[in-house]
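Both complexes shown next keep chain A, but they swap its partner, so chain B is in the first and chain C is in the second.
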Partner chain A sequence: MDVKRQEIADTLLREVAKCRACRFCVDMCSLYQATEGVESMAPYGRLQIIKCLLNGALDEDDPIVYSLYSCLQCGRCDGLCQAKGQNLEVSYLIRLGKYLLSHGLVKGGHDEKV
Partner chain B sequence: MRRSRKFISEVLTTLKENIRRTGDPLGMKGVYWTEWAKGLHLPRQGKTVLLTGRMYQMLPYIMQVTKIISSAKPLLSRGGLGAAVNLGNRFMGDKVIRFRAVGSGKVRTKGANALRGIASALSAVGEMPAYLYEHEPYSGVLLYDLGLDDYIEEHVKRVYRLLKEHNVEKVIGVDPHTTFMLREVYPRYIEEFTIEVKHYLEILSENVEELKDGSKISLEGEYVIHDSCYLSRELGVIEQVRRISESIGISLREPENAKLDTACCGGPIEYAFRDLTEKVSRTRIEELSAISRDVLVVCPICLINLQKYEKELGINVWDMGELLLRALQPG
Partner chain C sequence: MDVDIKKLAKDLSRIVGKEHVFTDKPTSVVYAKDTMPWDLEEQNIPYAVVRPANGQEVSGILRYANERLIPVHTHGSGTSLVGLARPKTNCIVLDTARMKDTRVYPERGYFEAGPGVHLAQLRKELEQHNALLPVFPGSELVATFGGTIAVNTSAHGVDAALGKPGDFILGFELVLPTGEIISTGTESTRRPAGIDPTKFFIGSEGLLGVLTLLRMRLIPLPHFQHIVASYRTTEDILDTVMEMYRQRIFPPLFFEYLDEKAAKIGYEAVGLDEPEGAVAMMRIHSWSKVGCEDRANNFLEFLKRGNPIEARIVDDPEEWKMVWGSRAEAGNYMYRLGMTFGSEITPRVDKLREAFRDAKDFILNLDSYQGNEFISFGHIGAPTIHAYAFVRTKDIPNELKKAIALEMREKSEELNIKYGGCGGEWGLTAQRVSFLKGKYEKEVYESLVKLKKALDPNDILNRGNLQGWM
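And now, the complex of A and B:
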């Protein structure tokens, strides 16, 4: 992993660790509602997936890509996290997760696993 | 969900290649974004430019592209990739998109009217921005949304260089995504970013009296507002649209999910997950249409996603630019 990606991975692990798992971001997520309660389609679930990808508990596969790339990046979870006092930039962290995944997805790119 | 990895891989690769090759996310080499400005005689040079980012003009093509991608998905799940499923130009091609977009007349008209309304309103309040016509760039916002950070810098620098070559000092954005990109993302890549970036609603709201004076008719009627995610949460443009609506005679009603707590139209993922988009947009339009038959939006992505329910629900979805055009140039 190059320096930039390693820094992003470290940032992600540090930030995701701050999540108190209050799960207030779950119920209000449009995708969570659209899938009638699939937690991997909610902000909290996506953050857990990123964490598991980075610590090697999960491998990049179809459901992981589906979960992260279906995020609307609408930012509604950010405001809620802020309102609950934790102030994580959840949608930005999910976008960083996409960035890490993109290395293995873009053809002619770096083709490196997370 | 099946084959998502392969599918997203195709989308990302195509997007990256299209933008690198043509500067356009659809990979179209022909100029499709200037037609709306015909007859407006906007100056080609000026320190202040109106930057559409091609977003409203892209709407008919986006409709076709998402349909094509959607119909190509089963091929992916069978693993039969090949040339036919290679997205972008290799897959769609200028001619295919243009041919298929012929039937998207209504969306094309709505987008063009929205832009003409915005330009007219700016002119009514004394702002006469230039327009770069065929030189107008795409902001690269899709690269950002999809986490393609490795390819953003090259594009951002190319666009910034172009703006500087045209001596641009101020940009007026017409859509939330392009405005966000230029205001928030570009400075992260350009050390000395000196261009002022404003959204047109910010300018109009500072000049509501002039806008009111310039309006030929008071529109009247009750509209329900659908706030855009990027505009409200990222750019903080919330009250401006309400002030402007009032000045042109519109009475706005607020849905439960409004302002900073607005609900998404589902548009950002339509390129890949049409089924999910459909569920999200339906939930939103049902909430809005229960309040008023006239829905006001301030973003081209919201416009395209919510207007598809017009016939089914017997509603009208208006972009703010369309209403400005009606107020300033009735008939």
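And now, the complex of A and C:
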């Protein structure tokens, strides 16, 4: 496993583990609104998906890519999480998750435990 | 249970449309996850998430589920703090998010709303009509109206000041577990006397039906005044609450507290100076401005007789926003610093001090974990003590998290039994079946099982919650 991937994965696992699943961020998300409230299309859902991708509970597949890449990076979830939630830089974490996927650095599945 | 997922997706698509059925694992995992501190297990993962638009579609899903004997778990926003939201068995998750239409009928004295509308949105809409939404959870940004009434939670609200939200429900459209659509209650502001099935479904925790339309009386929006008071110790606040009831003083709408440690964390998180001691905060309500000011002044006088360090009315809305924020988000702010394992203890009001002492004692002497701290806050005027085991790390193995949470649950339930309470916010099934069996005669639990069986013979809805499955 290359150093950069490990570094990003470690950061993500540490930060995403802080998400309490309060879901306070969902209503702020344009994609959540546009899909009439699909939770996997909300910041909360994307963080959970990244976590499961990295700990091997999920395999890389189309819905994961679709969910992560649907994030518009508007950052509205960041303000909400910092004010009321776990003070996470949510959109940055999603961007890191996308980076791992787009560079083929993570495939998910049980051989991907980190 | 063998379920052909492709066929399931196809069949459900016929009922709600293809775009409203999800069988991918990422979406299933996201819907199954809740605020419980331990990880999801294989039996928690749904086969599919389905998102109906109305009662007809809910009916179609439930009829189909009964034919195939596939459990259905109703999902609002997944904010339950006791695991009600986590499916206990592989199932179809029925998401209510698309059923969120709201119609306000001032001339009829009520409004109607779908179960999926979020409370913050609903509150905003009602305030345009000068009406109050009578429920105040910390999770109101995302908590749903349907979930609120399905649990009949008071949250911050003091029951003795306003009642439960279910007290204002006039009727429902709902779908029985076997798929029949029924309506209950009245379109009059006069609620039925005698047997009213509406009452069976208020607080039924999704076990007896799926609410698809809720009708609630419009409550005039009251005036509010806010008070903040600091005390040397939390026990001084408990004494004040006991005295308030003993003297039959009308309670504030909210009467909240942060213990010494929680006050420091909460105030720091919102950018206020560290308070001295424990903090209590109150919202006084009345339907006239003069009446509200009068009540606030009288209550302040009462508080001052209890010898606080300081007690004052907060007139500046911005200051109140910060003070209230320190309490409203206290649970999340504490979680930033580690892990929290909570409890809901609602003792008989004259036993408040003893219950608090016992809670502190058991939390500082857990069998499952050593080295945790005790921290507490809550709706003390209700009274509710949220007593927490606080661990300043998130690096705890999954099984240990589960063990701590379960010990907290078991021991706080012992206190509820010892001191005559039963909770008032988090519901009574899911992880609380052992409490139900311990507190009441065995016939009480057996009656609930019979009621469930009568309405849901195949045990389709929210399977496992009444059984106490984890």
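Assume the second predicted complex is superposed on the first by the 103 of 114 C-alpha atoms of A that agree within 3 Å, B and C clash if a C-alpha of one lies under 4 Å from a C-alpha of the other, contacts with A are read in each partner's own complex, and residues count from 1 in each chain.
The rule is simple: a contact is a pair of C-beta atoms (placed from the backbone, for glycine too) under 8 Å apart; a residue touches a chain by one contact, two chains touch by 3 or more.
Nothing here was measured: the structure is a model prediction, and the numbers come from that model.
Novice: After aligning the two structures on chain A, examine chain B and chain C and state clash or fit.
Specialist: Result for chain B and chain C: fit.
Novice: Touch check for A:84: first (chain B), second (chain C), both, or neither?
Specialist: After superposing on A, A:84 lies in contact with chain C but is clear of chain B.
Novice: Is A:27 touching anything from chain B or chain C once the two structures are fitted on A? First, second, both or neither.
Specialist: second
Novice: Examine A:102 and indicate which partner it touches, taking first as chain B and second as chain C; both and neither are also allowed.
Specialist: First partner only.
Novice: Applying the touch criterion given at the start, work out whether A:39 contacts chain B, chain C, both or neither, answering first, second, both or neither.
Specialist: A:39 contacts chain C only, not chain B.
Novice: Figure out whether A:72 sits in contact with chain B (first) or chain C (second), or with both, or with neither.
Specialist: In the superposed model, A:72 contacts chain B only, not chain C.
Novice: Figure out whether A:61 sits in contact with chain B (first) or chain C (second), or with both, or with neither.
Specialist: A:61: touches chain B and chain C.
Novice: Check the superposed model and tell me the shortest C-alpha distance between chain B and chain C, rounded to whole Å.
Specialist: Superposition on chain A places chain B and chain C at a least C-alpha distance of 10 Å.
Novice: Using the superposition on A, tell me which residues of chain A are in contact with chain B and, in the other complex, with chain C.
Specialist: 61-63
Novice: Along chain B, where are the residues that touch chain A in the complex?
Specialist: Spelled out, the residues of chain B in touch with chain A are 1-5, 8-9, 12-13, 16-17, 144-150, 229-230, 233-234, 260-264, 266, 268-269, 272-273, 276, 279-280, 283-284.
Novice: Inside the complex, what are the residues of chain A that reach chain C?
Specialist: On the chain A side, the touching residues are 17-18, 20-24, 26-27, 36-40, 44-45, 48-49, 52, 57-59, 61-64, 67, 84-87.
Novice: Give the list of chain C residues in touch with chain A in this complex.
Specialist: Counting only chain C, the residues touching chain A are 22, 24-27, 29-31, 33-35, 40, 51, 77-79, 95, 97-98, 100, 116, 118, 120-121, 139, 141-142, 325, 329, 332, 335-336, 394.
Novice: Taking the touch rule as given, give the residues of chain A at its contact with chain B in the complex, in rising order.
Specialist: Where chain A meets chain B, its residues are 30-31, 33-35, 60-63, 65-66, 69-76, 78-79, 95-103, 105-110.
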